[in-house]
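Worksheet: one structure, shown below.
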Amino acid sequence: NELTHLDERGQARMVEVGAKEITRREAIARGEVAMRPGTLDMILEGKTPKGEVFGVARIAGIMAAKKTPEIIPLCHPLALTGIDVQFRPDRELSRVEIEARVRTTGQTGVEMEALTAVSASALAIYDMCKAVDREMVIGAIRLIHKSGGKSGSFDREGEEKWL
Amino acid sequence: NELTHLDERGQARMVEVGAKEITRREAIARGEVAMRPGTLDMILEGKTPKGEVFGVARIAGIMAAKKTPEIIPLCHPLALTGIDVQFRPDRELSRVEIEARVRTTGQTGVEMEALTAVSASALAIYDMCKAVDREMVIGAIRLIHKSGGKSGSFDREGEEKWL
Amino acid sequence: NELTHLDERGQARMVEVGAKEITRREAIARGEVAMRPGTLDMILEGKTPKGEVFGVARIAGIMAAKKTPEIIPLCHPLALTGIDVQFRPDRELSRVEIEARVRTTGQTGVEMEALTAVSASALAIYDMCKAVDREMVIGAIRLIHKSGGKSGSFDREGEEKWL
Amino acid sequence: NELTHLDERGQARMVEVGAKEITRREAIARGEVAMRPGTLDMILEGKTPKGEVFGVARIAGIMAAKKTPEIIPLCHPLALTGIDVQFRPDRELSRVEIEARVRTTGQTGVEMEALTAVSASALAIYDMCKAVDREMVIGAIRLIHKSGGKSGSFDREGEEKWL
Amino acid sequence: NELTHLDERGQARMVEVGAKEITRREAIARGEVAMRPGTLDMILEGKTPKGEVFGVARIAGIMAAKKTPEIIPLCHPLALTGIDVQFRPDRELSRVEIEARVRTTGQTGVEMEALTAVSASALAIYDMCKAVDREMVIGAIRLIHKSGGKSGSFDREGEEKWL
Amino acid sequence: NELTHLDERGQARMVEVGAKEITRREAIARGEVAMRPGTLDMILEGKTPKGEVFGVARIAGIMAAKKTPEIIPLCHPLALTGIDVQFRPDRELSRVEIEARVRTTGQTGVEMEALTAVSASALAIYDMCKAVDREMVIGAIRLIHKSGGKSGSFDREGEEKWL
């Protein structure tokens, strides 16, 4: 079985990484919340220019990234060195795009932290808007970039860089 | 502004629900993890019949539902009375479908708890399989059903009941 | 010994409140962060009108209120029904004033939740400004109002209502 | 904008510290709880000589220091190497003084951990005494000393060393 | 299968208790830490009469009881109304006995909270003494009493009441 | 006083370890849950071969190991590198034996993490079986092995290696 989180008997474990090299590592993940155009308008027309909604969702993402090993059972605790979360409203497709970047210096990567940040930011947006739009859909949560560590860099094809 | 989580100045708050009726409430959410066929095979061919992967992901979902007010900043703490998480592998579309049902007796609904459970289960599946498939995509996280409370019941159209 | 959190032997306990009446309860607390005028300017002249600093500090306060029984050892867990945190910059005295209001329906009051919210908001402001001003002082953290429960209402003298 | 916790667009982030040097770092913070003389008497006349109140408040401070990145949104998680919390009753000014010292070996300082420890200890004292004295005031929470790291040492003027 | 925490397919769930009666419930658990006589002496001869060790272990137990649904995956979150933890040194058998009593008003019992409190207090004693005695053994963690709820009261045979 | 967790005044502290060497460290702990034969049968005859009960209890142990510094007041936060939890049903003595192994690279050992993992796994087993057997007893929680660090290796006598 190639699933490293299961041992030779197929049982879950937090796999030992103590022999892996300590390197600087980075991961970027993205996702989106699709909503009705009127919902997106409400977010964007808040009394604070960029919308208090994004401010709250950003903090949700940053704090969730730090909480990743409590949320994902077999994830290693890591001393994260940096976390950014950005939002990009897309009126054409009536959705908010989310990007999270997480960095650490350690023995294992931070893909899960970046994906968890995106998920929590998306859930926070859903929470703040659910009174007006129950049918929003959170989707396309995916890894965009990963660097550092023995398995090498990864860049998902077809993803342009955000400005 | 109709976003109840923002006050009249557009600032975030945990909106007061103390005057709302205490009722039994339920919410069901769904989502999915799309993956390569070979990845799905590995999950399904674990040495434990239903796959240890689903066992771990289920606990991730149940525990995350309880942690919802820590993950979503403006969410109320609630004494949840029941949580179920189910998985449905779909070989045709090469994905795992996830369904979470959460119940409480309280003054506010449990939509966010159900959506958080689905998200955490999906992230846990991603975590356990990422060594073999970095390109999995978590998506279609959505509310399927909601009942209890003044705003009435909701059933998302086009969603069949799981057996 | 009249300290209810100590038993007859002087030992700490989480005092039993199961016989107390369930009532709606509210508490308001205030505090302040004194800083150099230039530091206050930086907070107020952020690119977002009300200052991203207050947005982050507000979420810190709201989330800390929910975390109160984890921070204060003998505090009861409570299902909070509402939390508000407000900031009032005071250029004359070169400080930021903080007010938190917390409500619940339960068997014990929410003074500690309101005081904890104020403390966490103050700490978050300190954190965001410490690179430019190490000498800020957090102070005057105090209970302003309390209502609900057998011990009756309390309003601190000399405290005007915020608009 | 010189506030390092905000990016060039004025948005919150957990600022990247991965390029900073790993050094031993220490921070000392102080604060106080002002109370009625009779309240201080009750604390000091507990059946345990130094008062169970201080014992509980010390643990509150130590545990809160470890929880700092969960309480302060933009704070980095750090592997703390040592935490001390001391109390000094001051009958003349009818208050309890609190001092916390926190140490780590890492890429960023522990000022917030020391300030959080002092705040939590103060809140715990308030909690244990609030049944007899609602008007206590928590104040003068301030950084006393900081060492390690590129920005150099800091010693607040006019603060004598505790014996 | 009579294990209520598993559904009809043998899969884990947080079993729905929303239809159960809300009653006042209590549970008492006990356990012990066996150690070398010299270790027990050190605990009992601390500079504080009852030993700072017990003070710290008591807070560990109280705080862990509140954290039970985070530690035990299928445990319901409950608003605990009271928690007591007591210690009884036993020089003859060279051990410390621990008793925890937890109460709530709710739809499910607090046995797990009482057992978790005892376990955490025992672990805290082990932690504080491990530098002098690595061979301590934590044992006899058991339910002594349970009342409230449909399944009726339970009193373990052969357990005398502590004074 | 040789209890390192107490300072020269007998007061609790998280003892400074910043000068200790960073080494790879490992600890193994064991414990057991004694139960009625019929209870053990139910665990072993679950519809999943190894029993969903062990799957859930394993995750409880792994997640609790990561939460150790939140449960044990004076314990240092550590970046754990690996965690395994195993179960061994013993029909003859009608009990389940538990073994946890924890590893880190750091300045202090992981005995408490291993003991906490065993305790949480045992509590989770108790929780899942308590509806059919209230008289289970958790016991024999003990350190089996420790290596790494200045104080040298430790192997408890009379403990055979698990296959």
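Lettered A, B, C, D, E and F in written order, each chain numbered from 1.
The rule is simple: a residue touches a chain if its C-beta (ideal position, glycine included) is under 8 Å from a C-beta of that chain, and two chains touch if they have at least 3 such contacts.
Since we're looking at a predicted model, the values are computed, not measured.
Steps from chain C to chain E, minimised over paths through touching chains, total 1. Each chain's centre was taken as the mean of its CA atoms, and the one lying most distant from chain D is B. The interface at C-D recurs elsewhere; of C-E, E-F or D-E, the pair that shares more than half of its residue-numbered contact pairs is E-F.
Between A-C and A-F, more contacting C-beta pairs join the chains of A-F. In this assembly, the C-alpha centroid of chain B lies 38 Å from the C-alpha centroid of chain D. Inter-chain centre distance (chain B to chain F, centres taken as mean C-alpha positions): 31 Å.
In chain B, the positions touching at least two other chains are 11-12, 48, 50, 52, 55-56, 59, 63, 67, 70, 73-74, 78-79. If each chain is drawn as a node and touching chains are joined, the picture fits none of the line, ring, star or complete shapes.
Two chains count as a pair here when they touch; such pairs are A-B, A-C, A-D, A-F, B-C, B-E, B-F, C-D, C-E, D-E, D-F, E-F.
Across the interface of their complex, chain E is touched by residues 48-50, 52, 55-56, 59, 63 of chain D. Those residues of chain D whose C-beta lies close enough to touch chain C in the complex are 1-6, 9-12, 31, 42-43, 45-48, 52-53, 55-56, 59-60, 63-64, 67, 70-75, 111-112, 115-116, 119-120, 122-124, 126-132, 134-143, 146, 154, 156. Contact residues on chain B toward chain C in their complex (touch as defined above): 7, 11-18, 69-70, 73-74, 76-79, 106-107.
Of all residues in chain B, only 24, 50, 55, 58-59, 62-63, 65-67, 78-86, 103-105 touch chain E in the complex they form.
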